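Across the two complexes that follow, chain A remains constant while its partner is chain B and subsequently chain C.
Now for the complex of A and B:
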């Protein structure tokens, strides 16, 4: 009896054990693959591994923007008691409690389970956080953008938002390259979503480092000088662009006021500080634009630098407005003198001879009214009316730089075309992407070489004989043009007594290594004219550029004493009686009356190279001990200085060859 | 009597191996969660406590193994043990108003009287049945008092812990069954027990919800009942309302599903010790669902191996009962075996999803000091009986 009952019991027990065995085999063998998939789906979540953002370097390899590791704090607002958590977190991380609480409840409303509480926490904060007896403080290692030089090149570099997406400048324009491709890791989480383990599913592809054409040293000088000038002249803003006219490489591009891209934008920021005045804020250029007018005249009319221009005694009546050149007062000026002394009436006379079709064509050729294509997202194309919309006085206005707005960068591009012998070279900001050289654009010929050479010579005269005397450099020849455009007050509908003072120039003038354009917006009075306010900035920046580029001097150290009689400064006060809308008036320019600046001693004279082969030119020059700069190929067709002109000591002769 | 006592080395070896294996699995199942838990911050939190309990329990087991089992065959021992347990159950009912389960000894150390009820009831049943062996089917003098005493204990336990009560009921049933209870009484007892369980399930909505979830997750049968009794879906609505009220109901299905996934993910060979992942999703992975961790980390080999371990216990226990020519020793061995093995089989069935979820630990493997103590005490008694059985 007992044994039978025990056998019954054993039977029941072993049947039960067999049932469990069957269940185990069913789950662990038959359904293994299916359940393993379910397990993986349940346990692992894909988490993005941020690719380190590419660094940005200047042309010498100095870092301008880096991604550095930092710690950030996150919480899951869906899983915390908002009141208690905001109390604790605001205390630990020194945050505003109410603001943090609002962010948390907002995130909760949107069912966001991942809220960044604070970025870049300090070590003390991290330690304090680790001591808190709560499990929800998630401290993560993150790369954070850092601009080691603070404000340096801020407008170029731009900045990134909290998720490290570029939101301005190069950071935005080349965001794709800089960003790289994020990797993926599969994170094993526990039931509360806390990470336990992870495995790498895809490696992050780091962003490409960029090398800019900017030279940190020159950028620093440019920013320092423009800041000092803006402050000294009480201007609203200012900008500087320095570029290599042959390659288009932008060596420095400064805008003031500026900001520190390390700091997030705040409510107290000056809105002007984040604007790039070099490329994004166009202005009426004024007299610097006469370079375009005269270039067009040299190519489309029979005017020569020495041609006489009737300046109507400095007063020109146009339909609806009267243009004064009162401080000049000359009846007739040579064309080159129109440039030197910046005669508005003379420029208009020349512009009228060019005609509006040609004028329009040349302004467009010089790249105005279109973006240069520099990789800055906020670049402005400026404003230039289409020909059909020109009015009766538009041609006259454009001739001396009104009815058009341009950027400092566009002026640098235009000046480079004159400086490099007539090629429009697009400004470049990116030297290398990764280790590969960024391709340069194809330059387009917009001027005949001889036109460019003649313009350079005339622009050199602006500095030696004209309004640009403050741009003179010891040891280098300099070509340039001043501009002092009155700012038009749209509310009062008249031009005011505030100016856009600018200077556009290059050095050395016969074989320019660098072009620098300086603009000061909103200067006051005569001291704010381009020749007074902008030329010294130009001088400081260009001399630093020449030093950095190691350009050989082309003049004796102290030129003025030997060759140049010091110009007697005769102030020609601007006529500032009642500018009204009916006679919107002049763009008055610099006031350094030119002195006689001809060489005092007769030196060697330029030989006549015309019609000779390049080989013959070089051998003749060599025999006479002259330095010749050649351009083009074929037979010599133009030269500067012209045959028979006296040569200053060390002056080089540019010869253009054509077939 | 100069009988040479021989230790049952198979039984002893199996018990030592399983208890050690239990500590290992406990570390694997609990260390990471304990480390990450801000209350503990130590991967040894559970294991160190369990080690302490294991030392005490081993001592108790060895002592009982050396103690001749006939020393328990006295009225004061049998009645005294059950009296103490009943008293403790009464105390704990008031001392632990939330769960009626824990008797705090100070600090975080506590015992569960429902666990201590197991050896007490086993000794009592063995004593009573062997005492009344010849008149086992006597209604008035055997069945009624036995049912009363066992009923008291089981009811006291039920309040705290239904799972353990089922185990105790199974042990009592097994002992009476083997002692030669007439079939009609067997059927009656089974009917009463079934009715009791049903009533017990139905009075706690969360239990009902668990069972319905388990048996009829889509409410197809519930709807049939509704239409059969023309109640217009009232039963279904009642069940649903209780299921929504109780968080535990959602857990029910969840737990069963997660543990099945864990076992399945382990596959034949397992992910390797400490490499389990699903253990972070299986609730109570270090206690009631530790078998899922075993299956996940050690695969079919581990889960079947552990099952085989309990099969060995069952075999050696029944063998001792079979060979024992003394009634008291036989019922002692039988009761101890049934308590341990039935508890293990119920636990494994729950983990496999073959039975609805019950809060019942896996003997020797799950975390829990009282459970380990009572299990090893029972096994110590079993070993002593096995020695005498030869």
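Now for the complex of A and C:
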């Protein structure tokens, strides 16, 4: 009896143990892989490895755009009491209560359950939010794009949306390169969620940093000057492009009005502020285009700078229109004088000699009517009619810059071709992608070198003898061309007396290091002509560019008194022809006159530098705000003006050092 | 040692010693008519007697090999423990180092983010607008071309200013 029971017990025990063993084998052997995976999935969590968007730098390495992790505050408007929440949040995050309340109400009406209250909150705000006894304040960590200089180069850089996708400028054009691909790592955690180990599941690919060709300092000066000029002349907008004519590197590209890319667009924002007037908004260039006409003439006709051009007394009748110069009485002018005085009739005469085909060919060669290829998403090709669509007076119009629209950038490209000896160099904006230098395009020859040199000489005459006197720089030769194109009123079907005032030039004119084109759109009156409004901006920007690029002077230092005396001699008051008709093309650029002599104002007296070292002289001069030109080395032995002599404003003191 | 009687607490004597009960067995009073009464358990009416055993007179026979066996057992246990520890130690060390490594990785990420934030701050402070404002406050003006004389090699990107 007992044995039988024991046998049963043993049997049951055996079956039990066998069942356990079977279960163990099933778990440990048969389903091992599957269960191991399940266990791993429970213990491991995926963690994103951040791949920040590529930074953007200027040519000197100063950051222009950076992605930095930051914190943002979100709420769900569908689950909060709007009045109480707007009260609290406006107090904690220093927001306008009414505006926040309106946003929350709007979001609720649209059944939007995720509303960003404020981005880029400070640490103090975050701590304050954490102390609030409410559960609806959701603080999230996000990568945020910052533009440390605010509006600087805003049109070039563009901006990004909330998900860091580029929506304008370089940010959009090179979004693929700038955007990184986040990686993934699997983190093994203990029961308390502490990471024990991690393995890389997908490698992060940070966005490629870009180095632009622009110089932050020059860009700032360009923006400052164009903003001041637009405000001073009551213009609607303005733009500046500074470019290295030999490499095509764009050193500065400014547009005004501007905007701050750090801020999202608001409903009350001026749409014009987000338009890149330098590359996206074409305009009729007016007289600056005569450079193209004369270049074509030098290449395709037997005209020379001294060739005589009949200007018909300043009036030319064409089928259906009358063209006249404001300087009536221009009988015969040399070709170079046509450029200096900006004679429309003279330019037309030259254009007629060039002929339609050649003119069309050269305009296209200079890159007009086509995009420059700069990596900006909204670049305009401008407007230039195909030859078969030209009218009877199209050749005449194109000869002095009408019936064509161009961008400031295209003008800079064309001016560069003249400046660098006849090669069309495409503007470049990207210097480096990552650590790799961006390849430069191959330049194309569009002018003979001798033609370019002749044009440079003639353009220098515009500054020294003609309409561009306000672009003159001490110590540097400058070549340029003014333009004052009347703006066409499509409603009234006539040209108005608002202008696109422009200046296109380079310095030093014999070996140009920089090309600068300035355009002011919608200036009024004579003060809004290119020579009056744009040339001073050109001067300021070129002056800064030459200093930054450390370009040696190519002219002897001209004492201020000599310069002023010369300016006074060449001064001529503007001439008003008094001849106005709605459909008459009028370029009163000719009236641009060199700056009037300023009366010398008594200033401080020259200190005595004799016997001092160069360092001590410079230190004392800087401390007194004086400009010193040094020569030689050793101790100061002579100076001009002598010690105690009164100094005029801007006057420099020459100090000779000897050992 | 607990015995079944003590376990079931069905002794007829206290735990202090043998108490043979002379009292008559209590009668089991049941309400036979109670339909909800549980039926009696098997052997419910069987009671055990607990008996204290005095084994103080027993003397353990000396076993000279017992000590050796004992030490062998202790040695074996220690060896097993050592083997076990040797097997587990790398895993433990791995885990501790894993905590440290992950902590360092987190610190690295934090420092990288902090560096970017500082870069941004530096860029804001070195922005040309900011510098111009500082220069204006200190009565400085940008130099004209040729005004700057570099007596020493200049640093790249530095903005030269001259006193007004």
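In this section, the second predicted complex is superposed on the first by the 428 of 659 C-alpha atoms of A that agree within 3 Å, B and C clash if a C-alpha of one lies under 4 Å from a C-alpha of the other, contacts with A are read in each partner's own complex, and residues count from 1 in each chain.
Convention: a contact is a pair of C-beta atoms (placed from the backbone, for glycine too) under 8 Å apart; a residue touches a chain by one contact, two chains touch by 3 or more.
Here the structure is a predicted model, which is why all the values come from computation and not from measurement.
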For A:43, select first, second, both or neither according to whether it touches chain B, chain C, the two together, or no partner. first
Taking the superposition on A as described, I'd like to know which of chain B and chain C A:61 touches: first, second, both or neither. second
Based on the superposed arrangement, let me know which partner A:187 touches: chain B (first), chain C (second), both, or neither? second
With both complexes superposed on chain A, which partner does A:24 reach: first (chain B), second (chain C), both or neither? first
Considering only the touch criterion stated at the top, classify A:630 as touching first (chain B), second (chain C), both, or neither. second
A:196 in the overlay: touching chain B, chain C, both, or neither? Say first, second, both or neither. both
Quick check for you: in the superposed arrangement, does A:618 touch first (chain B), second (chain C), both or neither? second
Using the touch definition from the top, say if A:556 reaches chain B (first), chain C (second), both or neither. neither
Between chain B (first) and chain C (second), which, if any, makes contact with A:3: first, second, both or neither? first
Go through chain A and flag every residue that touches chain B in one model and chain C in the other. 188, 194, 196-197
Could you list, by residue number, the parts of chain B that touch chain A in their complex? 32-33, 36-38, 174, 177-180, 258, 260-268, 277-278, 280-281, 283, 295, 299-300, 303-304, 307, 310-311, 314, 318, 321-322, 330, 334, 338, 341, 345, 348-349, 352-354
If you look only at chain C, which of its residues touch chain A in the complex? 94-95, 98-99, 101-102, 105-106, 109, 113, 116-117, 119-120, 123-124, 126-129, 132, 139, 141-149, 151, 156-157, 159-160, 162-164
Which residues of chain A touch chain C in their complex? 50, 52, 60-64, 66-69, 146, 148-150, 152, 187-188, 194-198, 216-217, 219-221, 473-476, 543-544, 546-547, 551, 553, 614-615, 618, 622-625, 627, 629-630
Give every residue of chain A touching chain B within the complex, in rising order. 1-3, 5-6, 8-10, 13-14, 16-17, 19-21, 23-25, 27-29, 31-32, 34-36, 38-40, 42-43, 133-135, 188-191, 194, 196-197
